[in-house]
Amino acid sequence: MKKGLLTIFGLLIIMSMLLSACAKTEQPVGPEGAKPFDGVTINVMMEGVPDTEYVQAQLSKFEEETGATVNIEVLNYALMHEKLVPQLTAAAGSGSYDLIVVDNYWVAEFNRAGWLMPLDDKIAASDKVKMDAYLPSMLEMVGTYEGKTYMLPFYNYAMALVYRNDLFTDPTIQAEYKDKFGKDIALPTSIPEYIELSKFMTRDINGDGETDIYGASMQGLRPDPTAMEFLNYLYSMGGQLYDLDGKVILTQEVGVAALDAYVDNMKSSAPPGAPSYGFDEAFATVAQGKAFSYITYNWMVPVLDNPEQSQVVDKMKVTAVPGGIGLLGGWGWAIPNSSANPDAAWAFIEWVESFDIAKERALLGGAPTRADVFQDPDVLAKYPHYKDVEKIVGDSIMFPMQSRAPQIVEVLGRVISETIAGSMTSEAAIQELITESNNLADK
Amino acid sequence: MLVKFKRNFGITISHFLLILSSLAILLPILWVIRTSLANRLIAYKIPPVWFFTPTFDNYLTIFDKYPFQQYFVNSLVISGIASIVALIIGSLAAYSIARFRTGDPWLRLSMLSTQMLPPIALVIPIFLIMRFVQMWDTLPGLVLAYLSFNLPYTVWILISFFQSIPVEIEEAAMIDGCSRIQSLVRVIFPVALPGLLSAGVFNFILNWNEFLFALILTGRNTRTLPVAIASLWTQQGVNIGAVSAATVVTILPVVILTYVIQKSLVRNLTFGSVK
Amino acid sequence: MAKSTFFNSLPTRDRKAAKGLVAPAVIGIWVVILFPLLYALYVSVHDWILSQGEIGRLNFSNYITVLQDPLLLNAAKNTVILTASVVILEISIGFGLALLLNNKCIRLRNLYLFILLIPMLMPPITVGLIWRLLLHPDLGIINYALSLVGLPQPIWLADPTLAMITIIIVDVWHETSFIILVLLAGLTSLPDELYEAAMIDGANAWQKFRFVTIPLLAPTILVATIIRMIAALKTYDLVYILTRGGPGIATETISYYIYKVFFVFLDMGKSSAMAFILLGIIVLMTLVLMRVMRRVEQ
């Protein structure tokens, strides 16, 4: 047995060594003069998104300038909330994260719990941070809460309509459209028009009797994929969950109309598996050229233009959600009250949100939040569609600023999914949504 | 003649069933290996492309952009230590319960009942303790937390193994003049070796796959594979190629584990059970 | 199993020593778990939403409130269906395969074993993500393969009934390895002498199986069943990744529901109360199972 154990042990060691051999050797931090944050480590919790990668790419500049070491821990979206919450409850100065990024629908929850540090004094004392550079819609969403500033907007994820321009401009399809509807094909300006166009575009191109282009790729997975998608329909049809004072203003009539429209599109123009699709399945459907359109983040076009990921390179265009009002999303930088190094964290925010760094990030592909970055000639030269995106970000409406937003999303996702599955009527679904929204509202 | 036919027939059926179930396991795994060598376009292409130039980008992603080699070592060390400790402590307890019915049945029930509470209810208090004793984001902290579910299972599995060893074997050894410790070490443990190893393997696997504690109790220093894999799931979608590559890395220890198991099974055959 | 008179005749000193052997394990378990357990119990009778401030007032009605929640009852129903299906399927398939692998005349059995054990080392999160890839209705390899042989292409996770079946299939794929491992180890540790004795007595294969294997292996089968059952009753990760409880509420399990109330709603009080209710259900089911198995054994 001894020999056996030894062999096993040996195998284990060899395996570990092989794997650590590929490890990068970390660069030692040299002792250089007096920098403001020599020897300070800033621990940052971020989400795994392209913008985080751009920040990681820029990081060395900050470390050289200040002497600080920045440790970025990257996690996926759902897990971030789970991991952050216990950490945020830690006593002041004793938390494990000095700096975090906050999704817009956690803003009210985190602030109501008193977990984030107000930044107003720091902003007033700073000569680097300019709050008026930000788009007002971004600042309202991931900047201020009840009159105080807790965050600086990091990037936006406003939703928009991404569609196949090659199909849209195809002369045969255009002619067919004119024959059928007696008018020229045009981009939809309302949800009913969009649904009509989706149905028209759902077709069998190669004539094998099976649909191979779906009018709309959709994501019916509970809770956020479907809830976020549906809100674009609701907002564009004139509905809203809450008014600015946090009172429920959704009416049965508008809600049912939007939900019926959503379910109609799901059933008639989306792939049959769409009720279970999350972002990945829906994205893959578009990327494989099997869908005409998809309501998704405005910055997905560059991803769909990447030949490593997509078969529809240079065929996609982005426009506002039909009806003009989509869902706005975004992330902000915040310092938790439990932060052990708030000053160093603030220095990092000042640096990362400075015009030059924000512009550099935008050029790398980041999603801007500042008007001056959106309008910068270099940025516009590289991404001409940012002119439209700036308008989309400006016009979109965020998820209601409610401290129990995650729970509201959960309810919304469930009633939509139940309506699609047929275990609930759209009337009952909206009824329950209104009741629950009232119960969960901040009072 | 008939007997031989019957036996061959039985063996053929056995092979058929084993091949069928092996394929059910193997085909998805092969597809994962293929996906780990493809980009996102090829991964989702239907009809599938059978021949494409493999790309090692996904492995580069996990080893270069994220330190998966570090996560692998973390997982290996934490899972290994926690299972060895659990095996040592647990086997003593299990032997005692199996042979002397120590605290029967309440002791073993209460042990197991700690496992019946969903871990979600325990994770926040355990997090608080770990912070308090400054063991958050340390290897010993996670090992200790893992013992909380490892130990009860180990004891449970081993009780039944010790029970299924006929008492007569031990009696015979003691009548032959062995002390009880001797009979335990020389007679019982060798016979129970497959059980011990499978309990060890089971522990290792529980630890290896554990997610919730690992998520809440680890930081940058001690992140384990499951948490690391989860972070490949981004707002821009699941990096399915990288997930596949990471999965291939995750199942590597199966080589060692099967080696351990087979070694013990073979040994069991060569030496016979008693004597 | 009959109590051995031999061990009962041991001197008390030895019996005390035997108790000492249990101590490290008991201490180990309770040290790590006692405080969290009491803490959770304390929280379960209080109003406490983590994001709304400190722990609130004493409220025993948490238990009643959650039991009246129709969503929890639906989740309980789904959990029972899921658990019963996966435990029965996994034990039968796992036992069958373990018996086949225990036959020394089977060639390549090490290779089979190697393959069959692979899924054990895959965390549920990878299993879920990978099966989502395989099961994509339009772009997944499984539906493509089905279309090649002319079979219908199901929409797997998008249909309320089929979604539960899909989760069961994935769980069986993932967890049967564990049963194979435990039962195979149990089978190999059975003393050959008993089989030899049975052969001398002229027993046929079925009789050997029925009167030697089953009784001797019964404790191992019981343990494997209980461990799988407990784990299955606590299933949340597969549901989280595959369906999030959808379509509608067709695949929501108790554990996933608790997880949501805890981490999404941050309602510590109610989620802890639900956790203890689930604990009660599991204890009850374990006791029932043990009684049933004991009867079978006799």
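Each chain gets a letter, A, B and C, in the order it is written, and its residues are counted from 1.
Note that a contact is a pair of C-beta atoms (placed from the backbone, for glycine too) under 8 Å apart; a residue touches a chain by one contact, two chains touch by 3 or more.
This structure is a prediction, so every number in the text was calculated from the model and none was measured.
The chain with its CA mean position farthest from that of subunit B is A.
Highest inter-chain contact count (C-beta pairs) belongs to B-C. Computed from the mean C-alpha positions, the centre of subunit B lies at a distance of 14 Å from the centre of subunit C. Chain centres here are Cα averages; for subunit A and subunit C they lie 36 Å apart.
The set of subunit B residues touching two or more other chains comprises 44-46, 124, 128, 193, 230, 233, 238, 240, 253, 255. Residues of subunit C in contact with two or more other chains: 132, 136, 138-139, 263. Among all residues of subunit A, those that touch two or more other chains are 82, 280, 284, 288. In the complex of the two chains, the subunit C residues touching subunit A come out as 50-53, 132, 136-139, 155-158, 160, 163, 243-250, 260, 263-266. Partner subunit C is touched in their complex by these residues of subunit B: 7, 11, 14-15, 17-18, 21-22, 24-26, 28-29, 31-32, 35, 43-48, 89-90, 92-93, 95-97, 99-103, 107, 109, 111-122, 124-126, 128-129, 144-145, 147-148, 151-153, 155-157, 159-161, 163-167, 169, 171, 180, 191-195, 197-198, 201-202, 205, 208-209, 211, 225-226, 229-230, 233, 238, 240, 243-244, 246-247, 250-251, 253-255, 257-258, 261-262, 265, 268-269, 272-274. The touching residues of subunit B, when paired with subunit A in their complex, are 39-41, 44-46, 63-64, 66-70, 72-73, 76, 80, 123-124, 127-128, 131, 136-137, 193, 215-216, 219-220, 227, 230-238, 240, 252-253, 255-256, 259-260, 263, 267. Contact residues of subunit A toward subunit B in the complex are 1, 4, 7-8, 11-12, 15-16, 19-24, 43, 47-50, 71, 73-77, 79, 82-83, 86, 90, 94, 96, 157, 279-280, 283-284, 287-288, 297, 300, 303, 307-311.
Taken together, the subunit C residues at the contact with subunit B in this complex read 1, 3-4, 6-7, 14-15, 18-19, 21-22, 24-26, 28-29, 32-33, 35-37, 39-40, 44, 93, 96-97, 100-101, 103-106, 109-126, 129-134, 136, 138-141, 144, 173, 177-178, 181-182, 184-186, 188-194, 216-217, 219-220, 222-223, 226-227, 230, 233-234, 236-237, 255, 258-259, 262-263, 268, 271-272, 275-276, 278-279, 282-283, 286.
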